[in-house]
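Note that the chains are named A, B, C and D in the order they appear, and that numbering of residues resets to 1 at the start of each chain.
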Amino acid sequence: MSKLTIGIIGIGRIGKLHAENLLRHPLATVKSISDVRAESLKEWASSAGINHVTNDYQELLIDSEIDAVFICSPTSTHTDIIKEAAKAGKHIFCEKPISLTYDHSLNALEAVEEAGVKLQVGFNRRFDHNFKKIYETVKSGTIGTPHIVKITSRDPEPPSEQYIQTSGGMFMDMSIHDFDMARYVTGSEVEEVYVQGASLIDPVFSEYGDTDTAVMTLKFSNGAIGVIDNSRKAVYGYDQRVEVFGSLGSAAVQNDVPTTIEISTSEGVYRDKPKHFFLERYQDSYVQEINAFIESILSDSPIACSGLDGLKAEQIAKAAKESYETGKPVKLESGIQVKR
Amino acid sequence: MSKLTIGIIGIGRIGKLHAENLLRHPLATVKSISDVRAESLKEWASSAGINHVTNDYQELLIDSEIDAVFICSPTSTHTDIIKEAAKAGKHIFCEKPISLTYDHSLNALEAVEEAGVKLQVGFNRRFDHNFKKIYETVKSGTIGTPHIVKITSRDPEPPSEQYIQTSGGMFMDMSIHDFDMARYVTGSEVEEVYVQGASLIDPVFSEYGDTDTAVMTLKFSNGAIGVIDNSRKAVYGYDQRVEVFGSLGSAAVQNDVPTTIEISTSEGVYRDKPKHFFLERYQDSYVQEINAFIESILSDSPIACSGLDGLKAEQIAKAAKESYETGKPVKLESGIQVKR
Amino acid sequence: MSKLTIGIIGIGRIGKLHAENLLRHPLATVKSISDVRAESLKEWASSAGINHVTNDYQELLIDSEIDAVFICSPTSTHTDIIKEAAKAGKHIFCEKPISLTYDHSLNALEAVEEAGVKLQVGFNRRFDHNFKKIYETVKSGTIGTPHIVKITSRDPEPPSEQYIQTSGGMFMDMSIHDFDMARYVTGSEVEEVYVQGASLIDPVFSEYGDTDTAVMTLKFSNGAIGVIDNSRKAVYGYDQRVEVFGSLGSAAVQNDVPTTIEISTSEGVYRDKPKHFFLERYQDSYVQEINAFIESILSDSPIACSGLDGLKAEQIAKAAKESYETGKPVKLESGIQVKR
Amino acid sequence: MSKLTIGIIGIGRIGKLHAENLLRHPLATVKSISDVRAESLKEWASSAGINHVTNDYQELLIDSEIDAVFICSPTSTHTDIIKEAAKAGKHIFCEKPISLTYDHSLNALEAVEEAGVKLQVGFNRRFDHNFKKIYETVKSGTIGTPHIVKITSRDPEPPSEQYIQTSGGMFMDMSIHDFDMARYVTGSEVEEVYVQGASLIDPVFSEYGDTDTAVMTLKFSNGAIGVIDNSRKAVYGYDQRVEVFGSLGSAAVQNDVPTTIEISTSEGVYRDKPKHFFLERYQDSYVQEINAFIESILSDSPIACSGLDGLKAEQIAKAAKESYETGKPVKLESGIQVKR
């Protein structure tokens, strides 16, 4: 294979983003898209040079020309589509989380294993320039053995009430990125989670049993200790920082900014706020994760962010929720593993 | 009273530091010092213009010219001296912690209350330019209601084995400053503590039941959540940062540096490491805490960092130790209060 | 016109860059390219979807479907092509400088005026996020009346000897961007130039009467004073900074960096070097200048960086050279103006 | 000699500052002070422990117990006092400039040479932590051969009209510090100066033939090129930065700040303005220059900032003024040297 023919299932905000990046990729062709709102997407698809638009994703699965599918539909549909796509021999790129239920996710990944296709989970932040640099610095040994990992992840504005209802809760929807980041930068597994959470921004969160602010402590199998702080509303913008402190030093990344301006007046010295939200901040990481996915398939090399990575993060999210609800630290079952 | 006559009890590293700052203060006179090693201090005292050097601190307490004493002797002697000094009508500046035992501390503070003298605890960091600015920024309402408080406090090098044996453990010896900082910047009380700790730097710590690395979660009565990360060894120097994140923004202070140099070469861009340790980093705060103490007494105004502040921090340290040992979050008894 | 059909003349490094950006632009079609090495470009062109490749740029000028041409051929060919393209009614994007000879440039711009077509000069830095922010900050009045303008512009590595021979010299080849920047951020004209230059990096520069290091003072018509420092070799990378100091404050932009990493070890604190060179550093500005050009033509609005801007910068470069050679400040003739 | 007995001539703002620093110095005794306003200083002197206060500085010169004098009187009196003090065998610390007239300064220094006493000129910035680090970095060879030196020096507020009349003009009064800094960090002599200056802040400067804003280009004997920008009014505070760019890299220092606070709100990210003015900014450098002076005398080692250094800076200031007035670069006479 020298070029990849791709179908995209689900053309919401993130599906469209992937579509646009794939359309620019020299080794990818977007042949078909499916969405429940197929009709309203025809004009956009046509101008983008995508000729096949359907509301039935099965059409993509039976198309023998399609090598891989991107699953960008609502979370509740993921595992069924994964299983069908795997059976149809398609490689799979699936948005996170795989599902809101651990057993369903495990089930889907087993189908993938069985079919021998590749599956990548959309933890795009692994492909961000800053976090990749942290990862590489830790891996290089420059800062020695990791002792403390600190992740700050705050959204600029809370989601809508409608979104809250189906998001799976902050841990599964938002913190899950940070759980993956924690595993990514330390190269170690989480053994225990403790969450102190609260609903400080808007009571709507607690109405749905959700939380909007949390500090989470992680214990890693290599001895390191991690802490993640999350907020659904940082008025100054999207706050995305990571620090790894180790026996030989520390490595930290700050927020990206729109410009490096520094304005000094009689009032003080002003700088830009961080890049506003994930579409701006992680723009390039979405391109890079697609590059990695295509490269993995074309060269038959390992996936950079596998289904197991997705499952592990979901497991931590589930434990975090339990800790939040019980007020106690929760140990994770070890040995979770997809048959390989 | 227009000037304060002072006696210093205990002339170790910190006692000498206070002595030197007091000697430069225009409204203070250091009349006497006492130390078990009195003999060896005579030359230094004489050159500093301190004529009375004794190994019996009682001599300072019966001297009616002495208005206030600085207690800089080993922690185990603090409460006895406090009680005697209070009875003798001396105002008291006491190094932290008041004691390693909550009841002893409470007892001593009750004696202080009864005697109607003033007592300041040596949480010098409250007087540091950076942390004071954080405090003022939070208090001014600029960042709204505090939601998350993050304190990083890492020493450049671990203490000696000898020190570890009598330090009272990391929580009482080192973290106690951070517990006070947490209360100071939030203006709120800690209700619950959870500690994830480990001995990652040197097994000597665990030999004495101590820890060298910890991440601690605090729950505040105003709803905020705090996290402190401590390490006994940051190879790049003394790491002292605080961040308060609130409903209207965040306020953060970085480390102080010896110089603002930035050297750019083909290898990268280099800056100075933080100021090495507390004597350099907090040099000015030691001067400021003395200024505040003297000012409080001369103008009969409230103490900036009271005995109750000392007691509260000790209470948190005790709970932290319990959490570390049990692996569970520990709630603090509320209503702890010295009779006033 | 709702979409622009474009021909590109000269497919070297910069021509190819423009081609790739134009190919991604939704409102542009690259119909033809011409280059003396046409044969060797056919494969690239074909894969990029450009069907017409020729070694005779006249073919582009007589093609009535082509609305605009990009002139990316060697500087010595610019003015002839501009005149022919203008006569043929094509809008023109021309790389800087227009020519190495003031009269030739003026001549070409007069032909453009006469033909009533639009011409944009490739001062891409005006479209850079940082410098645009400086421009907007100054224009908004935030920093008051500009008093001092400082521009640092240093290349990471010197050009080849072959390049030096035909570059027109540092002032016309490199500083010209800074002369334009000076006019752009101040919104004022340069009245006088003084240059202190030297050949400190490599004697090869002086062999060709060129210089590799210079500090240039500019006097502006609005009273402000400017200073530009140039070097052909900054070992730490491409150094591109601007500061405007005014009556109400200052605005400064720093270099862009690949990542925001900060690595602290016992050796010190390390950060990334600036983005290496213009292709990385100004990647987005090349996209933005094309957006502006296409927008100007489609909406028939003024060009953001006109031929007159190109001419003015060349005039300053010429005066700078004279100052360097005579060791004296050189006044610029005022009133230079293309008939409009 | 193991301790230095000192007299201070002139107790204005800077004289008082030196007095207070000397009073704290363990190896110095301030025995006498003289000032034309002696009467009004008696109370301050008495509280500071200085018993001898006179309006006749000759009394200090004939006092055989006095080892050294600090000359902090008005500039116009410096050279006469230097000559008399040298004759009386006193070591001399003299505030900058030595005089406003080159010949007078030279004359005074010759008297110093003849008498064999030591003289230090008050270029305190050489003793500042930041600039000393720049000096050391350059000297260590880390950044190779200096090519470009950039000095920014801007005052937070212009002096009074009365001060302007007797200051000797911006070049002699303010820029002179920067001329010395240029020589200090490069370790090279200035051969040529070119000034572009203007009166942009207040017309009162031009009324006295003075300027308030200037950009000055320096040519050094080692080939480097320097640029200094001065302003009498930076509304955001005292702006004091230096950058040296060389063949192997660059070294730059930024402004010192009162705190490292960073406040992020919906409006942007705010930091502190620089330390307000020289008393705050250079507080420690005044202590260090006194330490160096006392050390040089007690150990009979070379003066860190000699009379010749003072003279050289005055020579550059004089040339700068000439360049400003004539609009042309001015070459400095080489070979200026005090007999040694």
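One rule holds in what follows: contacts are C-beta pairs under 8 Å (C-beta built on N, C-alpha and C of every residue); 3 or more make two chains touch, one makes a residue touch a chain.
From a predicted model like this one, the values you see are computed outputs, not experimental measurements.
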Which of A-D and A-C has more C-beta pairs touching across its chains: A-C
Chain at maximum distance from chain B, centres defined as averaged CA atoms: C
Separation of mean Cα positions, chain C and chain A [Å, integer]: 40
Between chain A and chain B, centroid-to-centroid distance (C-alpha), Å: 43
Centre-to-centre distance between chain D and chain A (centres being mean Cα positions), rounded to whole Å: 58
Two or more partner chains touched - positions in chain A: 234-236, 248-250, 264-266, 272
For the chain D and chain A complex, residues of the former touching the latter: 234-237, 264-266, 268-273
Interface residues, chain C side, partner chain A - complex: 24, 129-130, 132-134, 137, 142-143, 248-256, 258-266, 272
Chain C residues within the chain D interface of the complex: 145, 147-148, 150, 152, 154, 192, 194, 196-198, 200-201, 213-215, 217, 219, 223-227, 229, 231, 233-236, 239, 245, 247-250, 327-329
